[in-house]
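Letters A, B, C, D, E and F mark the chains in the order given here, with residues in each chain numbered from 1 onward.
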């Protein structure tokens, strides 16, 4: 489970606050007195799955450690249009200054959780799980991957140092899948899995013999996927990638694969409308 | 014009590379020899407006300063499905390791430029300009605002320290628009503009008398907007915000406002499909 | 109002502490026991305007969060020679280690507030306000600009990204003020003001027609300034810059300008003598 | 010799550029084309000692590595009013954007070198050397201490970790100079010197017996200083501190001390007027 | 293959240089002229396996990009006592200032490579590979893990985010290995391996049924290890940990395990004597 | 006394935690509930001198500020095999996640304190003190130097900016020790000591006349050292360096030198076995 309460996440949140605040919130600091306190409610203006509440709490606590943050829901909960999510009480300056950044996290993270959930629901009768990709917004990946998990998906490798993924160009460079996997095994930790991207049944056969842990079926037709799953016969983990949409995902899942990775759950999630009412 | 070749942007790009690469691209480093060179082409798989090419160049130059980066298009150019954008030549390791991060920037930035362009095109006969908002992805704002300009839009304030924006809560806290503007004027630089959010014609009248530079018409009906524009009569800059979509934006522009800010051009732009062919 | 209690300011304060402390205060750590507590008073050895007290508090709280900091005055208060400013109680190590850095901030910031106040007092019957410049000490700007406000001045733009300032070289590069302003307008946010530097009445006329928000009268004679103010006739904000000293500032203000910017209030403020008595 | 071409100094210079430039020089980027080149001269508008030229060069090279920087003088040279210091050729954008920060360094650093030089000249017949203090501008110390050396002074300890300085409060805490020095010796490196602050002849006697390397005569009368120097009789290094001004420094030097530390050479140096002519 | 030419490694090297150099190498800067050039040779004073040469090159290039670095050996090569490793030519200041930090890396990294090599040689007839642990020096891990690979070993997981390692306390907390593995599988990426620490044959049996990828035999007797290997029968990867020394490692390897992890190869490697001759 | 509770040390500790934890402890976060609390004891598995306890406390407090840390011993105490050092109570997640990093500090720091103590004990009847060197692990120096002090040793200069150390190459570059010391004196602070490395009696004589504060006897025979000590006759501080081991150190000390610096106390200390029992 990816955590959003770590040193690394705190640094990213502070950076996001600095991005928005810079030398200071000149409007609020000019108009609102330092002593004024208010009570505000985050309120959902769309149905969806909530994600990012612990991030919002960290944001307000950074701005003023005395802010009260009374959660009415928790990450992963369904929220319906109009539902209150959290009550925030305390320094008016801190709440007004932090509002936008808190919403920017909550809206994006909830949208990703919601989109992931839709994909996962769409393949319900099947065993497949929806996975994310590395097609994430630069410097926002950990929040996207956390939200995918909140939405019921499963994370793919975090980055280039977490697992081996042998692609087209790697294979071409050394001549065969066999050779590429062999080279990888010699150079990486034995605690690291190896995945091979395959584009046809021949490559699947080759990958099966190669010592890879995971076989990716890349942009294959439904017929090919079915054949591949049958051939692999649970000897390797299978992942499908390419052309995955809410329209196609059920059919893909019906082929019997283990994982379906979809950039759409992060890159096309957009935002869920959440607002702050005073 | 926001620049994407500054100390600040270089830092963000290095951070994005570290996010993806961590301790190293274990696949590429294991399989591809350090001496191998390749030639690759970034290719558009959708029509759109290109944005982010200078960022992609910085990425590859950071990974290997000897990479050749031969641009075939430039930011702001229309690209059509199938069109080559840039040829990248040099170290196979650098190109394979940098590919994903470069694409993550290019795909998002081009999508934002493209979406902005669609909004701007949709209001063509009118004088209004499409502006962005602060509803951006945390730690990615400068790239989003740059892309909006590339797409033909105009940037709103960068953050809370750049311009005064007096909202509902600020007005309530001190009793009137007049008082809020007065307080702001006393506390901020004379080089800073003041914008006031108004929700009805009464507030517009009040704002007109207040010494504000810009009046925002927030979530008003078309009737109200027309009345407000007539009342303001070019004495202040006008901005419309709220419920701005590709469907509604032309009607809004027809009311005669100066600027229309839309979170959709950044938050709902998604990605444009761009790929790398070896 | 510039704030000195932000993420950015905390970072600069920690950096200043590291600059002075490095690997540790070897004198204090060798001689003073960790348990010893003391009480110390910051005491003014000159008349002046106090600025920087919140910074001093942050410094001691960073070194030991249990330090008591009992303020007897607040920023902006007049202090007279011999007056106590604040009582600091707690860990002797923290107080002795932080003393110099706290004084370095207080002495410089109070000197700037005091100098600003002298300039502002010197133009009292007139409407003009004293403004600061970008001629600040590298990496100390936010503290200087805050102190100017504490002293009764008004801040100019914080940096190159906050407002447009069209100078000589910009005008020459494109041929005319008109053209320079037009180019700026096309490229910047509509929330950003444009200032034009003028050196004679012809340029003032040109600037008046250009769409600039602020006209700077640069190094003009009193006669020229008067003529310019008359010509502008409140249609634009006016600022005077160049050769502004305590001797000249009243005469300049008498010309009827809105703002007078003076590097002397920061660059020539020196320090106010403040000490720490145990 | 303090160097201004180190990793630490490069970081501070980049930070100063970011402080001024932020998200970009919106004026220059809007008006000046990326290809335009210019030639500019830094020109002294006052007599003084030049300091900071290597810093100015680093600044322009950071903004554009192709800038030509043709030095006509070097740090430590006398410059007379009207004299050209350096020719800078290349990208107009880089030169206009970097101008202010380069001047902010040059003006302050040259002022400190010039002031130090005046103090050093004022004590010419005597052996004493002028030294700096820790009363420097936060986060600017290395540039101040470098400038003192350029002006002919000698640096005091850089910070709290470089040498032991036993003051009043340290002595009181343990009862005697003897005891304080003993404790220090037990805890610090044998490569570190110990200085003791004394306020009268009794303390000087005590310090002489204590194993300290340097005796500071703090705020003593001329009579006392003479007596102290006689008593010490070159067995320890002597330093005078307190009430050191251009008026008093010659008399102090005449007492035969080795070093005279003066906060005025840094804290009251102000700026030397240097400008950039295109 | 862990790389020591990445953004992350460059940052660590710069930090190490700052740790040693601080405000400047006052000896070299005072005595050696900026123009002086020298030629120096790194020379081995002990037999061993070389590791760290690319790090040494980065160090000198950071200090002066014109330094010539002529490698006579490469990482992984055997060096014998008295053998020259690399010739460094150029700025005397850069070479003298960088010498100690370069040697600190080279001596430690080569010692680790050499020690790893001894362990690997000691188990030569067997299939087992020597692996490292997380018992590394804080902030030096990537250099240690790289050196292990150079010495012929194989890296274990880099840190807590790279692979699951279920220990005693995790098992106790949820009651059984089965349950712990199940929980992990639900929460982590499918690209991540799971290792379980076992202390006896019963736990090995349990782990075999649990879906773990790797079974660690922790502190078992030779008899138990043999029995465990037989029981596992290549259905899982096996690792031995605990009490691994040069004396015991051959016997452990003879039990037929796949990997033997030893903290001694990093924590007890000490340094190999390498010097710099001018 | 070097302190391990400073801004600089906190930064290094956070960096070490990030090195190990990265995006999160996936094992603990998956298996252990956020509410679970445990009690754990750090226990020594070898005799030695304890060092690093304040670092361990900082580590756990960073991970969870509510952790109770009940020290049973303090730094500098002897610990015997089997002895409990500290009880840690609180969040199971924080304790399990921080365990390895805390041990990595404690094991290395205690090993250095223990090794230093052995060297110091070995020279007991003599006045000499054991000192450390700059041969430390990159980015770990402050922890090593602190541990040397805890073990009864005395620190040498921290880095290149703390004291002058004139070596072979410096002397050759300017022709004589006299000249090198003279140059140093002109360029450095009067608060900084100068040490000269000598290789024979002639150089010792030269150094005696040079104004250096410390004379290092480098790699001399016992006869030479005795002669040198006699010649110097307490007029300078003496330090021996080179070939210092537990076998040779007593003989060296018997020559009457003041300090003996040994890289072995840090570079060859290895680790002391300390474990965590739940």
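In this text, a contact is a pair of C-beta atoms (placed from the backbone, for glycine too) under 8 Å apart; a residue touches a chain by one contact, two chains touch by 3 or more.
These numbers come from a predicted model, not from an experiment.
Shared contact partners of chain D and chain F are C, E.
Counted by residue number, the contact pairs of D-F are over half the same as those of B-C, the matching pair from B-C, A-B or A-C. Each chain gets a centre from the mean of its Cα atoms; the one farthest from the centre of chain F is B. At the interface between chain C and chain F, two copies of one sequence, fewer than half of the residue numbers in use are shared by both copies.
Inter-chain centre distance (chain A to chain E, centres taken as mean C-alpha positions): 32 Å. Inter-chain centre distance (chain C to chain E, centres taken as mean C-alpha positions): 52 Å. One simple way to say how far apart two chains are is to compare their mean CA positions; for chain D and chain E this gives 45 Å. In this assembly, the C-alpha centroid of chain E lies 23 Å from the C-alpha centroid of chain F.
The set of chain F residues touching two or more other chains comprises 1, 21-26, 29-30, 158, 161-162, 187-188, 192. Going by the touch rule set out above, the chain pairs that meet are A-B, A-C, A-E, A-F, B-C, B-D, B-E, C-D, C-F, D-E, D-F, E-F. Residues 14, 17-18, 21-26, 29-30, 62 of chain B touch chain E in their complex. Those residues of chain F lying in contact with chain D across their complex are 1, 129, 131, 149, 154-158, 161-163, 187-193, 195, 214, 237, 239, 258-259.
Here chain C touches chain D in the complex through residues 12-13, 15-16, 19-33, 36, 38, 92, 96-97, 100-101, 103-105, 107-108, 134-141, 143, 158-162, 164-170, 172-174, 180, 183-184, 186-188, 192, 263, 267-268, 270-271, 278, going by the rule given at the top. On the side of chain A, the complex with chain F involves touching residues 1-3, 6-8, 142, 158.
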